[in-house]
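Here come two complexes built around chain A, the first alongside chain B, the second alongside chain C.
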Partner chain A sequence: MNILNRIQSILSPLGHLPSYAGAYIIETIIVLIFSVTVIAGMVYFFRKYMARVQNRIGPNRVGKFGVLQVMADGLKLMQKESIFPDGRDDLPYKLAPIIVFMGLILAFIMVPYSNLYWFGSLTITHSNVGIILIFAVLAIMPIGEILAGISSNNKYAMLGALRAVAKDISFEVPMMLSILAIIMISSANTFQPLNLQNIVSVQSIPFGILEPIGLFIFFVSMIARASYSPFDMGESDSELVTGDTTEYGGLRFGMFYMGLFGTIFLGSMLVSVLYLGGGSGPFESSIGFVWFMVKTIILVIISLTVWLSMPRVRIDKFVNFGWKILLPLSFINLVITGIIILSGIGGIA
Partner chain B sequence: MIEVKQPKRIPFIGMLQGMITVFKHGLQKPVTVQYPEQKEILPDRFRYRIFLSMDDCVGCTLCEQVCPNLTISMQQVERENPRNKRKLYPDVNFGTCTICRNCEEICPTDAIYLTHVFETARTRNSFTYNPEELGKHEEEVKR
Partner chain C sequence: MEISEPTNKYVELNMGPQHPSTHGVLRLKLLLDGETVKKVEPIIGYLHRNAEKICELDYYCDSLIYFDRMDYVNSLSMEAGYLEAAEKLLGIEPPERAKWIRTIMAELSRIASHLVWAGAYGLDMGMLTPFFYVFDLREKLLDIFTEASGSRLLTNYMSIGGVYQDFNEKIIFMIREFLETFPKKLEEVFNLFVKNDIFISRTKGIGILEKDVAISYGVTGPMLRGSGVEYDVRKAEPYLMYDKVNFDIPVSYSKDCLGRFLVRYEEMRQSLKIVRQALDKIPEGPYFNPKAKKSLMIRLRGDGEVYARTESSKGEFGVYIVGDGSVKPYRVRVRSPTFKNLSVLREIGKDVMIADLVAISGSIDLVFGEVDR
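This part shows the complex of A and B:
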């Protein structure tokens, strides 16, 4: 029983179709509120964590402990004047931030949040091919970044977009191969191996223990997907102003910013779903969501530590790293997974 | 040709060490001092603001002569003081004072001295303290 069914049963006097339509709308609003809250929390947590790592205090003026600082910044961004560059490609320029944000929210509705007491699961879309769908949706976001780069008529934005493309093609193949290994293991155990709920329930031993190489590749890929510090070639803020978002300001820039922090959280959620068992843990039928969030937040802390401790990798080195290290490693991972499945280690049939 | 032996490197170990160092810094206390609300403890011998005891001043003008950048200039103040018959008292412009403490050292009667008061920020555009103001506390001067 998830939240969608609960709302539908409350609305059931309206009739079958209207109740489902209303339930979907309300549930979508709930997930939107959840994701925006999570993103705001991520921004606040990142600023506070970065400050503490640098022995500073961080935001502490707006609200208690600076909690309302993110809201104040958001209000400031909303009030700002929209400045459009001359000679821009108008439609892609305006569409790009929406595409980035939309891809993020679409991915949020498909993640298998586990149960939380009476409320149930927050997930809207229970697809039997969820894992394919979620990576298809994740592939929407770079389109927004690239459109932003090439439509804003700016050499820095253009260079940032080109670097983002080079980065994307060099990590996507190893990422999808490590996903293939996940699907291999889960297909040995269940008849619907592409369903994210099934992938979570299959993990009696978390896949991260069975395939540590896959976990490493996927985590690196998620860092590169969110494009923050070792792999922020698209932004490159010490060389290319701010890369593909150079010409953006106000709320449009805010959307890119939210996209960045949302992707960090989303990447951590995906790692914890695919490799750390998602919501499984003691008492998972009632507090699975709590387990899921705990794992995710630990991964977020690790991600932010990576962000704060590493310099940017040069773009050609990252392309080398992707094609010469990550790709062979992902093939090795596939072979190891095959051996695990055939030998039946860890209760895998 | 000298061959330099590179130390054998294990990949990712250095990165992990860096991450651990960064994480440990997150557990330390911040060094920031939130100035107006929270004041740092000053060293004992810290000195800034010049004070003047007008009863002790004999108007010898030694402080004016020893001042390296004309911060102190003597002014006449109508005041009954049998020891200071010329009625000359120092006037200090804190805009140019370098806290060299020469005036304090040379003063024969210890009339001019420096204290640890340092919050002399003010809204008016002059940093000059006339002899009466030099004898008062900072709050009274600002009023």
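This part shows the complex of A and C:
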């Protein structure tokens, strides 16, 4: 039973149609509040962590320990005048940030925030094909980046968009192949192998231990998806100013910015769900959400440390890396997974 | 049938003058074929302040501040370079203690300059963190400069006939403390660069500058030594007290950005060596030549022409002064090392990728106060 059904059963005295409509509206509000809160927390945490790494203090003026700094920045972005570049393609230019942000929020809906025993795994929308759906909505985000690049009539943005395309193509194939390996293991164990809740519940041994290569490929792909250093070729602030988002300002820039931090969090959540057992842990039936968040936050810290300590990879070297290293590795991963399933290591049928 | 070349094959792109990778106000006009740079043309002059002409309107002693503002991250070497020429023209010899003090300060200033460069180079590569570490290290040097001269960046510490203020116990203590703590921290920070495979892959074999090209363009300093030429004004034509200290000239034969990076790293350690020896050898005595004391300073007259060269952190810094027997110079001309080093970008910056161009232009160590003057 998911949250939607729960809310609907509470609202059921109102009648069939109004209760469903009300449940959807409440659910949408919950997702928006959760994702925006998480992103704001991420930005604050990132700035504090970055400051700690770099021997600085970080934000400490607005609110206690600077916790309201993010809100102040957000308000500032909202108040800013929208400046439109001449010769832009108007509709794609305005649509691009919304597409990026929408893809992110849609992906937040399908993540299982806990294990099955805790509030029906705390997923907002159950789906039998959750794992396919989540990568389908994630694939919407690069469209927004590309639209932003080609519609803003700027050579830097154009170059950034071209780089983003080259980057996306070269990591998405290995990423989907590593997902395929997960579906293989999960289909050997349950009748609904594409359901994210089932993928969490079959991980008596986390898939990250069974498939370390898959974990590596997926983690690298998530860095490239969020496009921060070392794979931030799309933005590359020292070469292309800020790449595809060069001509954006105000709240439209804010959406791209939230997209970046949201994707870091989402990527960590996905690694935790698919490879580290999600909401399961030593005391599993009671505090699934806590386990899930602990794993996610550790992964976020690893991601931020990578971001802060690595230089940028050149785009052609990343394309080489994607096609010549990650792709063969993901095939090897598939073979290893097949051997694991056939030999039945770790109680896997 | 003849197929004509399509006219819109290349994209023209302006990088700068307002651009994150241009270290100030460099404008690069690029001709791009996709991601490949086919042609690069540096355009300069956005920070031109007419310093050479202003020097002609001022007394010899007053011109010093314009040299501070040329290479502003390395101001003490600039002062030493100007005074080398001005004192030769005016016939004033600074006392030995002043010369030692100048040697120490110029070397500390070289370290500060290389530190800033390393941090900015990290930013060019997309590394955020080392920038803050090197600025933290540099802060100790700026404290020493503040103690000696009263200001952090544009020190105006040296003056004709000596230095503004003698080294006291506190400054010597601060320098000794710096010498003790610095090498370990420096190694820590530089391991962030040289032990990072991505950094190596971004710099190794990138921006190859051949020896003969470097010489024909008049490239000097770490750029030239990175191409395998063992040339350093401090050895070739010693000034100040460089002939009385023992140090090596680091040379790299790899000719690429990584070679230049390592040359600068080693140069910092050699500078430490020089400062250490100088602190031991510095004699007691006057720090100022009384012939150039304050009341007489503006009456100093120079006649004839003189050229003096020194090794700044960027390369050979030459100052040419013509005096006509009055209290102001007739003509001042500066041979700026960065200007010559930048001109070679046209050779080494073509047929590379945009990301490499940023790495190459960063490895030149551009400071626009000096290029445009």
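Here, the second predicted complex is superposed on the first by the 335 of 349 C-alpha atoms of A that agree within 3 Å, B and C clash if a C-alpha of one lies under 4 Å from a C-alpha of the other, contacts with A are read in each partner's own complex, and residues count from 1 in each chain.
As a working rule, contacts are C-beta pairs under 8 Å (C-beta built on N, C-alpha and C of every residue); 3 or more make two chains touch, one makes a residue touch a chain.
All figures in this text were calculated on a predicted structure; none of them were measured in a lab.
Peer 1: Do chain B and chain C fit side by side on chain A in the superposed arrangement, or is it a clash?
Peer 2: In the superposition, chain B and chain C stay clear of each other.
Peer 1: Is A:S229 in contact with chain B, with chain C, with both, or with neither (first, second, both, neither)?
Peer 2: second
Peer 1: Looking at the overlay, what does A:E247 touch: chain B (first), chain C (second), both, or neither?
Peer 2: neither
Peer 1: Looking at A:Y49 after the superposition, I want to know if it touches chain B, chain C, both of them or none. Which is it: first, second, both, neither?
Peer 2: In the superposition, A:Y49 touches chain B alone.
Peer 1: For A:I57 in the superposed arrangement: first (chain B), second (chain C), both or neither?
Peer 2: Only chain B is touched by A:I57; chain C is not.
Peer 1: In the superposed arrangement, which partner chain does A:D168 touch: chain B (first), chain C (second), both, or neither?
Peer 2: A:D168: touches no partner chain.
Peer 1: Rounding in steps of 10 degrees, give the angle chain B-chain A-chain C taken between C-alpha centres.
Peer 2: Vertex chain A, arms to chain B and chain C: 30 degrees.
Peer 1: Applying the touch criterion given at the start, work out whether A:K317 contacts chain B, chain C, both or neither, answering first, second, both or neither.
Peer 2: A:K317: touches chain C, not chain B.
Peer 1: Applying the document's definition of touching, compare chain B and chain C: which contacts more of chain A?
Peer 2: Comparing chain B with chain C, the partner touching more chain A residues is C.
Peer 1: Touching A:S238, do we find chain B (first), chain C (second), both, or neither?
Peer 2: In the superposition, A:S238 contacts chain C only.
Peer 1: Is A:V306 contacted by the first partner chain B, the second partner chain C, both or neither?
Peer 2: It touches chain B, and chain C stays clear.
Peer 1: Give one of first, second, both or neither to describe whether A:K155 is in contact with chain B, with chain C, with both, or with none.
Peer 2: In the superposition, A:K155 contacts chain C only.
Peer 1: For the combined overlay, can you note the least CA distance between chain B and chain C, rounded to whole Å?
Peer 2: It is 5 Å, taken between the nearest C-alpha atoms.
Peer 1: Identify the residues of chain A that lie in both the chain B contact region and the chain C contact region.
Peer 2: Shared contact residues on chain A: 53-56, 308-310.
Peer 1: In the complex, go through chain B and note every residue touching chain A.
Peer 2: Against chain A, chain B makes touches at 15, 18-19, 21-23, 25-26, 28-32, 34.
Peer 1: Going by the contact rule at the top, pick out the chain A residues touching chain B in the complex.
Peer 2: Contacts found on chain A: 49, 51-57, 60, 302, 305-306, 308-310.
Peer 1: Chain A touches which residues of chain C in the complex?
Peer 2: Against chain A, chain C makes touches at 11, 13, 19-21, 34-35, 122-129, 131-133, 136, 192, 196, 198-199, 201-202, 353-356, 358.
Peer 1: Taking the complex as given, what residues does chain A use to touch chain C?
Peer 2: 50, 53-56, 155-156, 159, 162-163, 229-230, 232-233, 236-241, 308-317
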